[in-house]
Each structure stands twice: as structure tokens, then as C-alpha cells.
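In this document, chain identifiers A, B and C correspond to the written order of the chains, with residue numbering beginning at 1 in each.
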Amino acid sequence: MVKAKNPLVHQITNYVTVNDCANIVLALGGSPVMADDESEVEEMVSIASALVINIGTLNARTIKSMLAAGKKANQLGIPVILDPVGAGATALRTGTTEKILAEIQLSVLRGNRSEIKTIAGFATKTRGVDSVDDIPDAGIGEGAEIAGVLADKLHCVVAITGKQDIISDGVRTGFIDNGHQILSKVTGTGCMATALIGCYAGVTDDHFLSATVGIMTMGLAGEKAWAEVGSSAGIGSFKVALFDWIFKMTPEDLAQGGKFHEA
Amino acid sequence: MVKAKNPLVHQITNYVTVNDCANIVLALGGSPVMADDESEVEEMVSIASALVINIGTLNARTIKSMLAAGKKANQLGIPVILDPVGAGATALRTGTTEKILAEIQLSVLRGNRSEIKTIAGFATKTRGVDSVDDIPDAGIGEGAEIAGVLADKLHCVVAITGKQDIISDGVRTGFIDNGHQILSKVTGTGCMATALIGCYAGVTDDHFLSATVGIMTMGLAGEKAWAEVGSSAGIGSFKVALFDWIFKMTPEDLAQGGKFHEA
Amino acid sequence: MVKAKNPLVHQITNYVTVNDCANIVLALGGSPVMADDESEVEEMVSIASALVINIGTLNARTIKSMLAAGKKANQLGIPVILDPVGAGATALRTGTTEKILAEIQLSVLRGNRSEIKTIAGFATKTRGVDSVDDIPDAGIGEGAEIAGVLADKLHCVVAITGKQDIISDGVRTGFIDNGHQILSKVTGTGCMATALIGCYAGVTDDHFLSATVGIMTMGLAGEKAWAEVGSSAGIGSFKVALFDWIFKMTPEDLAQGGKFHEA
């Protein structure tokens, strides 16, 4: 569905993985555009089908651009996807995530377990609702509960990626068992998954679907790529094959290889 | 000719494709240097053989650096090549392109059809000459006319890349039929073509030649790379082969595989 | 030893090679984190095992961050590795390097011959000690002497990489004969070597060892990668194989393939 509609995905992202985030959007059939000057982001997002905000190398200048672009996207009904890279690691990252969540309505929030737990912590505090902090850190059950509570609070889809991925919109909760450990040895596979969600969010209003299919596409491509290069390969070959598989992935591949179930 | 002279190519470029723009210069036999702080760009460009300005992720800080470096290059007779990424998409990009063209004498301007059309529009307006805007958007004839008129106005070589590439210096007009559709599925192939033009511009004063050979090198490498990896490959393998072919390209390859004709 | 301890390596580096510097750290078994906003670098470096500063695309904003992060690392006893990219090419790069050396105690300084010679020049001047500038530029003997004198002055390990690599802590001097000419045709292999030193520096206090093994790992991986892809390949295939070999490198490979001797 992405190839047919060729969504323009505006990304305000980090300079570590930005090339990969552009190529993964192209591989899936979208068109990437990166623009982060405060004076042009509102205009750029206005012609986009989705906005992806990634705080991986945020700075004072780009934080303003993220907020301006996000607000404009909200006004225009353009979906906003946030990747809160490193939330919890520094006050700047945690505080910026908090500010974005307070000022912008997201369609999808995707992070790893510790990022989402950090957000769940302050989301409860700053929004004055029941804390989820006392839920023990004890496996999938906890992840699903955090995702669900947070999705409900933020009125958006929350995705926690890891060994098993969890997606919740506050009502439905889905689990994905695709992927391979080697994905964690290539920088930016999380950022790229978020970029893929941005592509799908540009062509459907069902963001539980956007998040699920985006994450599944990444995981399944990782499986296929690793199978292709073989266990004696390294991350160089694997990354090449990963991009090949994103490019070649068909709806049939996803239907056959996707490992999804709902709670 | 690049390998023998090893030109230093100073690039003030975007953070999306900068690694590829550095590697493509190395592959061709040049030496890349990226420097974008206003306080050092004049000094850096002074030791360079060519300056490439690419506005792909411009911001208020780097725009100043682009202007300072370009003016210094002009003073020293160092060729300046501009890639007006996204001109027409936002006022910042269009306005910055306009400012660069007003203050800096280019050797080569390379863009896609919509970027060059945007520039042709304001170049006619801001320079008070006959508009080319009323030329119908109807194929190559129009492209060649825009390139020629614009080259004449800007006193530089204008190259429009696309399915068929058009190069004009206002007197001569050349067409290149190399390339492959898959090139549009890898981010930065336009930026890389501009970087290659920068390499050639560093070793010859004939910039109709620089632009032509730079674009032809990219197109022919794309053809050869796609032929090598085969149609069942994806953009990961293709990009690897593309760099291999730029690295391996010989003058004989260009002479045999180049598809060039003049109007 | 890196894989077992998984050191977090904080890098304030350039946007040209940053993706490769992140992936090379992952390939070796470390965890990269890039953060360069002045308001968060002290907090980020506090949780890191090593700090790598690379001035490849320095600007007024990031220079402040480099200094703040370096001072904090010094306070906490976290090793700091500097890659003075382009010292000698512009006053900004030379002056920033001088400032960093004056304010921050390094564990390892790694540069190419001309960068280190530049530093040796002003280090003698600014620190009021005997000049090494009158040593003739005549081969390895000179390199070893500069490295030794500079290591002594700066109280850190100094590594000069080139055809033969030289490492000195002021007392011991080592030479490495690994590597392949093709490494100079891929952008960032110097930056990546510095990143590898950062990984090793995060797991041992012997920084003569960190520098030696970091540089040897890069050189040996280069040899193995080039042998694997064959001389008819280009830099695309070579770079892929280089990452594969960093990922696959074992202590046994280093013991068998490392070409190291002491003066």
C-alpha cells in the first residue's frame, strides 16, 4: 500500500542514523524528506503525509523545530510519530519528551522498554493519574500493561520494541514475535522501525495497524536477511541484506511470515 | 584525470547523504573535506580545488557558511557547484538558492527538473529578463530551453538530471541517456552526482565537461551496478555495487558506455 | 574483552562518519551513544565508560560541548580519546585542539602524521619546552621521536597512524604493520580506529594497550576484508567486509595476525 501512494515522510531525526532512515523509507516505497530549520519545518510538514520526530541527537535548535513541526502537523491532521531515543538517560531527553507529549498529539509513540517506562513514570505524574510505577518489572505482562495504560493516557498507539514487541492503542494489545538478536548489533534499527511506521501512517488512519506492520516489516526483514547471509556473516553483510529485504518485502511475505497475536 | 590530480573537494552539504558524498569523491580519486563552521570555511576552501554547496539540510548557521565559502572561492577562482536540494519546496530553500545565485558566481548548477524550474522562475523575475514560465511543461524540448536560458542568465553550466539528463552552458546543449530507474530508490544519488561534478571541476576548467562526465559517471555506474546485482536484488546490494563501480570506472568504460549527444 | 563488558562509548563526533563510528563500536561489542548538546553531555558522559572527541565537523556549539564533556570525564576518571581531525588545516581546528589539550587530560591522542606534527609544534611552543620542529621529516625515526616527546608532554598515549602506525606513552614505543592501502579510500577509517580505541579504553586502564589493540583491530580487519573481496572489488564491497571482520574478529585472530613490535 505504501508503494502505490508514495507518502512523503518528513523526518526531524538524528545525524547518526539519518541516511538509513531515508533509505528505509525509499525501500518501502515512500519518499523521505529531512528538514530541521525552525523557519521551514511548518511549511515542509504541510506537504508531508506523516511527521517522524526522533530525539537521538537533539539540541536546543532542533527541539524548537520539532515542537513547531509537530504543532503544525496536529493542526493539519497529519500523523506524528515520536521516537524518544534515550528518554531517561539525560534530563534533556526526558524533559524534551515530556514537552513534546504535553504540546503535541501523537499518533504513535515507539520506544524500547526503558524509554517507555521512563515516559510512563512522568506521564502519570505530570498528568495526575494513577501511577504505573508500582507494577513490578516482571516480563511481558508488565509491558503490555504499561503500553495499554500509556496509550490510554496519551490517546495514541504505544509500541514497545524488544525481544517481543508490544503494541497497544489502549483497547487492543498486539504482540509480535518477529526479529532477530542481530538487529540490536546494527545502529538505528529502532529508528528505522519508527521511520517505517511513519510510512505506513502516511497511507492509513489505523495507527494500530501502522505501528504493527511497521515493526513487523523490520523484524521479518531482519529474519530473512540473517537467514540469507548465514551465521558466519557479520553486520556489514547483514545490513546490506536488511535493506534488500525491506525493498523486496511483499504483502504476501508479511502475511506468511508475520508472527502476530492479540492479547 | 581525477586519480592523477587528487583534487581536494570542500563540501558544505547535508547530513543525510554526507558519508556517501565523501566516499564517492574518494572512489573517483579525489579527497573530500567537510567543514561548515563560518569561522573556518574561507580558510578551508582556500586550499581546495572545488567547492560543492548542497542545501539539503540547510539552517541559519550553515547558510552563512555557504555564502562566506562561496564568495571566497569566487575571489580565488575556485569553481563552485550548487545543488539546490528542495528549491521550490519551502521559502527557506527557494530564498537561500536565490541569495546564493545573487551573491556567488557558480561554475555548475545541478538540480532536478522541479528545482531548476523554480530557479528559472525567480531568476527571470529577480533579474528582470524575459520569463521562461510560459513555456509549456512538455518534455525534453522545454528542459533544454530552460537549461539554456538559465545557463545564459547565470553565466554557468546548468544541468537538469532525470530520466534523460540535460546539460547546457548557454551555447552547447548535451543530453545523457545513461542511468537506471533504481538510482532514484537510493537516497543521495543526486547529491553524489553533484559531488562527482565537484571532483571533475577540480581538475578541468571546462565545466560543461565536468558536469557531463560527472553525471555520466553516476549514470553508467548505476547501470553497471544494477546489471551486476541482478533484478532480484534490492537497494542494499545495489548501493554497494554502485560504489564499487565508481571506484573501478575507467576512461575506457566512459568512452564505451557513455550515451551522450548534443542538440 | 569488549564483548564481555559492553562498554558505553560516548562520542562527540562528526556527521560525516558518525554512523560508521556507531556501527564499529557495536561490531566490537560496545554500545555507542552520541550526544552533543552542551546541556546534556556532562550527564551522558557520566554513565559512559569512555569519551571519544572527534573534531571532524566541529562548530562553535559543539566545541563547547566537547570541552564540557571532557572536563566532566576528567573529574570522574573516565578516559578521554581525541581525534584532532584536520588540525593544521584551519586555525579553528588547530586552536580547538590546542584548547582541548590545555583544558582536558587525554588518555589517548590519535591522529595522522600531519595532525600530530601540528600538535607537536604548538605543544612545544605553548608549553614552553624544547621544540621538536627542527627534527627533519625523514621517516619512522622522526615519527617515533615526535610521538614519544609529545606523549611525555601531554602525559598520555600518542598514536600516529599511517603506513606504519606508531604508538608511544613516552616510555614504550610500539609499531604496527597491519593495514592495507585501500583503507585510505574509505572515509572515516581513522575516525573508526579512534572509536575502537574508545571501546578498549572503556575496559582497561592500560591505554598503551587500548591504542595498540584498537589500531591493530582496524588494520587487521582491513587486511582480511581486502583479501576476502579480492582485488577486483571496489570500496563498496570492501567496506561491507570490513564491518563483517570487525564483528567476527577474535583474540586469536589478533594474536596470530597482529604485526607489532616495540622499539
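Everything that follows uses one rule, which is that contacts are C-beta pairs under 8 Å (C-beta built on N, C-alpha and C of every residue); 3 or more make two chains touch, one makes a residue touch a chain.
Computed from a prediction, not measured in an experiment: that's the story for all the values here.
Peer 1: Please state whether the interface between chain A and chain B is built from the same residues or different ones, using more than half shared residue numbers as the mark of same.
Peer 2: different
Peer 1: Please state the rotation angle, between 0 and 180 degrees and to the nearest 5, that superposes the Cα atoms of chain B on chain C.
Peer 2: Rotation angle, to the nearest 5: 120 degrees.
Peer 1: Find the geometric centre of each of chain A and chain B from their Cα atoms only, then give the gap between the two centres in Å, rounded to an integer.
Peer 2: Each chain's C-alpha centroid was found; their separation is 33 Å.
Peer 1: Can you list the residues of chain B that touch 2 or more other chains?
Peer 2: Expected reply: 15, 19, 239-240.
Peer 1: Per the contact definition, I'd like the list of chain A residues that touch chain C in the complex.
Peer 2: 14-17, 19-20, 56-60, 86, 89-93, 185-188, 232-237, 239-240
Peer 1: So in the complex, the part of chain C that touches chain A is made up of which residues?
Peer 2: On the chain C side, the touching residues are 15, 18-19, 22-23, 26-27, 32-37, 39-40, 43-44, 47, 61, 239-248.
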